[in-house]
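Both of the next two complexes hold subunit A, though its partner changes from subunit B to subunit C.
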Partner chain A sequence: MEYPEIDKYSSLESPIHNFDPRTKIITFTLLIFSSVFVEDIRFAALALIAAFILLIISKLPFKFIFNHVKWVSLFILPFLIIMPFTVDGDVLVNISYITVTHEGITYGFLITVRAFTAILLVFTMLGTMRFDTTIKALHMLKIPNPLVQMLMFTYRYIFVFLDEFQRMWTAMTSKGFKPGLNISSISKIGKSVGMLVVKSYERAQRVYQAMLSKGYTGNPNTIVKFNIKTRDYLITFLIISFAVVLHISPVVLLQ
Partner chain B sequence: MINAIDVTNLNYSYPDGTKALDGIDIKIEEGEKTVIVGPNGAGKTTLFLHLNGTLKSQGKNVSIFGRNISEMAIEERIREIGIIFQDPDDQLFMPTVYDDIAFGPLNMGLENKEVDEKVKKALSIVGLEGFEDKVPHHLSYGQKKKVAMASVLSMEPKILVIDEPTANLDPRSRKELIKLINKLNKNQGITIIMATHDVNALPQLSDRVYVLNHKIIAQGSPREIFSDSTVLKENNLEAPDVFKLFKVLGFFGYDYDTLPLSIDEAIEELTKTIETNNGHIHLHIHEHTHQNIRDFINNNDHHH
Partner chain C sequence: MVHISDGVLSFPVVAFGWVLSFIIIGVTLWWSEKHGDIAEQIPKLSVITAAFFVASLIHIPLGFTSVHLMLNGIVGVILGILSFPAIFTGVSLQAFLFQHGGVTTIGINTVILGIPALISYGIFKTGVKRLPFRNKIESLFGGISGGFAVIISVVFLVFSFMLTGEELTTPASLIAIGHIPIMIIEGLVAVSIVAFLLKVKPELLPVKGGGKNE
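Up next is the complex of A and B:
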C-alpha cells in the first residue's frame, strides 16, 4: 500500500541532506523559533523567503512538500480570515456590527507567514533525512530515552498498523460493507476500530516478549555513527547568524 | 549426559483461565533437531515462550544445559537460547534492519566493532548482505522472516527455537529456509527445536517429533509418528504426500521395504526396487485394491 512517508526523498543529494543530523536539528529548531517570534511583518516575510531558499537548496520536490502543506494550511488559513475582524485598532471598513481593522489584517498576515515559515522549515528538516536518523539524532541530543523509544516504536509500527487497517477495511468492504453516515455503518466502524485496538494491544504484548527474548532491559540499544565536518559548522554558523539577525535588525534598523 | 533442554512436568494456564500446557515432559539432546507438531491452539507457542523464560510457571521446570532457566541472568540466557517468532513483524521492532540485528549483541554488552561484525555475519548467513540500512516496512514477508532469523543468529545462541519457520513462504524461500536450518544444525552444531504445520518439510527437519495437544500425545521418529494413523487423525495431522502416495502404490501391488517420507527417500526406494526387479516396477489392480483405496481415502478425510 501507499505509505505517507515523510522521508521519501531522504536519499537525494543536497547540502541540506548532507548536513549532520544533530546540527541540522539544532539549527533548524533555532531558526524555527526565531521566525515564529518575529514581530515585524517585513522580517517575517524575509524569514519565509529564507525558508523557501533552504527548501530549494534541499531539492525536495515542490509537489511533495505541497501535498503535505496543503492539509496543514487548513488549520492556518482560518487565522488569516478571522484576525482582521477580531483585533482592535484603526478601523478600515465598518458594516453594521462587523469591523475590519488595519492591525487585524497585519496580524493575520503575520501569523500566516510565521506559520508557513515554520512548516516549510519543519518539512525541509524532516524530509532531508531518514526518520530513523532523526530519531537517532534526538537520542544523541540527550532527548529523554522514553520519548526516543516511543518515537522509534511509533515509527516502526505505524506501518504495520496501517497494513492491518487496510486489510480489515478490505475484508469489510468485500463482505458488502458500504461506508456511510448512518448509525449502523458508524457502529460497524466503531467495532472494527475496537478490534484494531485489541489487536494492537496483543501485538504490543508479543513485541515485548520478543524484546525480552533479545535481552531488553529498558536501555537504549542503537549504535549511531555521525560525524560533524567543518562544512557543518559553516552552515550552522550561517543559519544561526540569520536567526539572530532576524531579531536584532528590527531593533537596530527601525528605531 | 546433560540435555540441551530439559522440561519436566510443565503446566501453564493463561491469566484468563485457558489451560495451555498440561504436564509437559521434553528432553532434547545437544545437536538434535526436534519438531513439535499439533493442531492450532495446541500450546506450541506457549511452550516456546517458556523455554527462554519469557513466560514463567510456578516450579523450576525448565533447564537449559542442566541449569534452571529462572536462575540465569538475561545476558547468559540469550547466549544459550534464541527464539524466532511466528510473525516477523513482532520480532523486528527497531527502525532499521541493522538496529534490529544489533539489538541482541548490544544487550550482551559487546563493543560497537564486535556488534558490527556480528550483524554482518548474521546477514550473510541468511543471504541478505547489504540490507543493513533497509527499513522493515520496505521488505517482503520472506525477507522479514530472514531478518528476524538474523536478529537472533547475531546472538549466536547454542539452541535455536523456531516457531513456524516455513509458514507463508513461497516455495523457493521455503526450500532455502529448510536448507539454512539444516546447515546451522550440521555446521555449527546448533540444537534446533521448531513448531511446524508443514508435514512435507518435517522429515527433512527433524530427528525426533513430539505431538503436542496441551499434553504430549506421542513422541518418536518422523516415521513412527506418521505411521500411527490414530494419533494423526486425533490431532489434525497428516502424513507427508510422498508417504501417502507410496501407501497407495502398495495397494496397487508395489512392494516397499519402508515408506519414504521425502522425495529423496522416494528416489532411493524406487531405485532399489527397480534394480532388484530386473529394471521394472510391477503394479496391478487386484481384488482388494479399490476397497483398500476407498478405506484409505476415508481414513484420511477428517470429515467422515
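Up next is the complex of A and C:
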C-alpha cells in the first residue's frame, strides 16, 4: 500500500500555489460544482479546457495526476461504453438488436467530460497546498469544529496505521499466508482487520491522554496566518465569473 | 465498493445527499454531546476511523480482478451512531487523497454508506439482546449486519442513479449484480471480525458484558 500523498508537490512555485488557501478552496469548489452540473456538452468541454489550463499553470507533473485518475476512469469508462446503446434517441447504427444513438453518445461523453473536469480541478486545488494547510483553511472558513478535527486526526493516523498494517501483513505473509478467495483466507483477513481495530482502540486511549496532558480542550489553535492580497481577489473574480458564465451562457446563447 | 464520481448525478440528488448527511451528522453529534464528552470522543473516534480507512484498502482477489472491503456494517456495529460522522470523514478523505468518489458527491456517498451502518448497528444490537445464546449468535449477527449493510448501500446507490434519470438504469443494474459476491465476502469478513473481537476485546461491541452496553 502506498502513502496517499496528495500534497507531494505542494512545495512548487506557481500562481496557484501562491493563491490564498481560503479563497482557493471557495473559488475552486464553486467552479467544481458549476462544471459538474453543466448540461451542454460544448460548455462541459469548455470547462474541461479551463481545468487543463489551471492545471498547466499550477505546474503539477502530469505523471502524478495520471497515477491518481485510475479510480475515476474505472468508474466512468463503463458509462462511456454503455450509454450509446441504452439511451433512446436518433438511431445512428442499427445491427439486429443493437442500436447506437446520437443522444447516448453525447450523454456518455458529457458524463466523462464532467467527471474529468472535476478531478483535474480537485487536483489543482488540493495538490498545490499542504494538507494541513487545507484543514486549517477549512477551520477558518467556519466548517463545524468536530468535522475539521476528525478530518485532521484521521488524516494523521491513516499514515500511522498504514505502517502498522504493513508490518502485520509482512508478518502474515512471511508465515506463509496467501490472500485468496476461500473461507480460511477471508477469516484470516477478518482477524487481521480485528487486530488493527483493537490496536487502534488501545492507541486511541493513549493518544487522548497525551493530548489532554498537553492542554487539549477540543478547540484547535492555529498559528499559521493567511493574508489575502489584491491578486487573490483578481483570480477569485476571474474563476467565479467563469463558473457563472458556464451556466448563464447556454441559456442566453442557445435560445 | 464503488463510490459515485463527480459528474454523474443530477443536482437535486447531490443536493439531497448533502442536506441529509449534514442533518444526520448534526443529530448524531448533538446526541453524543448530550450523553458524554464530545471533546473526548473525537480523538478516539478519529483514530478508529483511520484504522478502518486503512482496512478498506485491503484487496481480496476475486477472479481476474480484486475487491476492496467496505466494512460499513462493522463500522456501524463498533462505533454506534457516531459511525455516520466517521463515515463522512472517511468518504471525504477517500475523495481528497485517492480521488475515489467525487468531491461534489461526498454527501450522497456518505448517505449511501452511512445509513446502512446505522441500520446494521440497530440489527446487531436488537438481535444480540433478544436471543439468549452467546458467541456463536453474535458472530452470526455480525455477519448478517455486514452483508445486509452492503445490500442496503447498493439499493441506495441504484435509487440515486434512477432519480437522476432513466438513462442510468443499465449501469445501476450492472453495479447491483457486481455487488453480489462483495456482499457475501463482506458478510464472511464481518463474521470473522466479530468472532475475533468477542474473544479479544468484547468491550468494543455493544454486547452484554461489554463496556459499551448502555
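As a working rule, the second predicted complex is superposed on the first by the 247 of 255 C-alpha atoms of A that agree within 3 Å, B and C clash if a C-alpha of one lies under 4 Å from a C-alpha of the other, contacts with A are read in each partner's own complex, and residues count from 1 in each chain.
Everything below uses one rule, namely that a contact is a pair of C-beta atoms (placed from the backbone, for glycine too) under 8 Å apart; a residue touches a chain by one contact, two chains touch by 3 or more.
Here the structure is a predicted model, which is why all the values come from computation and not from measurement.
> Taking the superposition as given, does A:193 touch the first partner, subunit B, the second, subunit C, both, or neither?
It touches subunit C, and subunit B stays clear.
> Please work out whether A:61 is in contact with subunit B alone, subunit C alone, both, or neither, and reply first, second, both or neither.
A:61 contacts neither subunit B nor subunit C.
> Have a look at where A:82 lands relative to subunit B and subunit C in the superposition and call it first, second, both or neither.
In the superposition, A:82 contacts subunit C only.
> In the overlay, answer first, second, both or neither for which of subunit B and subunit C A:216 touches.
both
> Based on the superposed arrangement, let me know which partner A:155 touches: subunit B (first), subunit C (second), both, or neither?
both
> Once the structures are superposed on A, label A:115 by its partner contacts, choosing first (subunit B), second (subunit C), both or neither.
After superposing on A, A:115 lies in contact with subunit C but is clear of subunit B.
> According to the contact criterion defined above, which of subunit B and subunit C contacts more residues of subunit A?
Partner with more touched residues of subunit A: C.
> Is A:15 touching anything from subunit B or subunit C once the two structures are fitted on A? First, second, both or neither.
neither
> Could you say whether A:132 touches subunit B, subunit C, both of them, or neither, answering first, second, both or neither?
Only subunit B; A:132 stays clear of subunit C.
> Mind sorting out which residues of subunit A both subunit B and subunit C touch, each in its own complex?
In the superposed arrangement, which is not itself an observed complex, subunit A uses residues 131, 152-153, 155-157, 160, 203, 207, 211, 216-217 for both subunit B and subunit C.
> So in the complex, which bits of subunit C are touching subunit A?
Touching subunit A from subunit C are residues 2-8, 10-11, 14, 25, 29, 38-40, 42-55, 57-63, 69, 71, 74, 78, 85-86, 88-90, 92-93, 95-104, 167, 169-171, 174, 185, 188-193, 195-197, 200-201, 204.
> Looking at the complex, which residues from subunit B come into contact with subunit A?
Listed in rising order, the residues are 49, 52, 54-55, 74-75, 77-78, 82-83, 85, 87, 89-96, 99, 102-104, 106-108, 112, 115-116, 135-137, 151-152, 155.
> If you look only at subunit A, which of its residues touch subunit B in the complex?
Residues 3, 130-132, 135-136, 152-153, 155-157, 159-160, 203, 206-207, 209-217, 219, 221-223.
> Please output the residues of subunit A touching subunit C within their complex, sorted ascending.
Residues 1, 4, 6, 29, 32-33, 36-37, 68-69, 71-72, 74-76, 78-79, 82-83, 85-87, 104, 107, 110-119, 122-123, 126, 131, 134, 146-147, 149-158, 160-162, 164-165, 179-181, 183, 185-191, 193-201, 203-205, 207-208, 211, 216-218 of subunit A touch subunit C in their complex.
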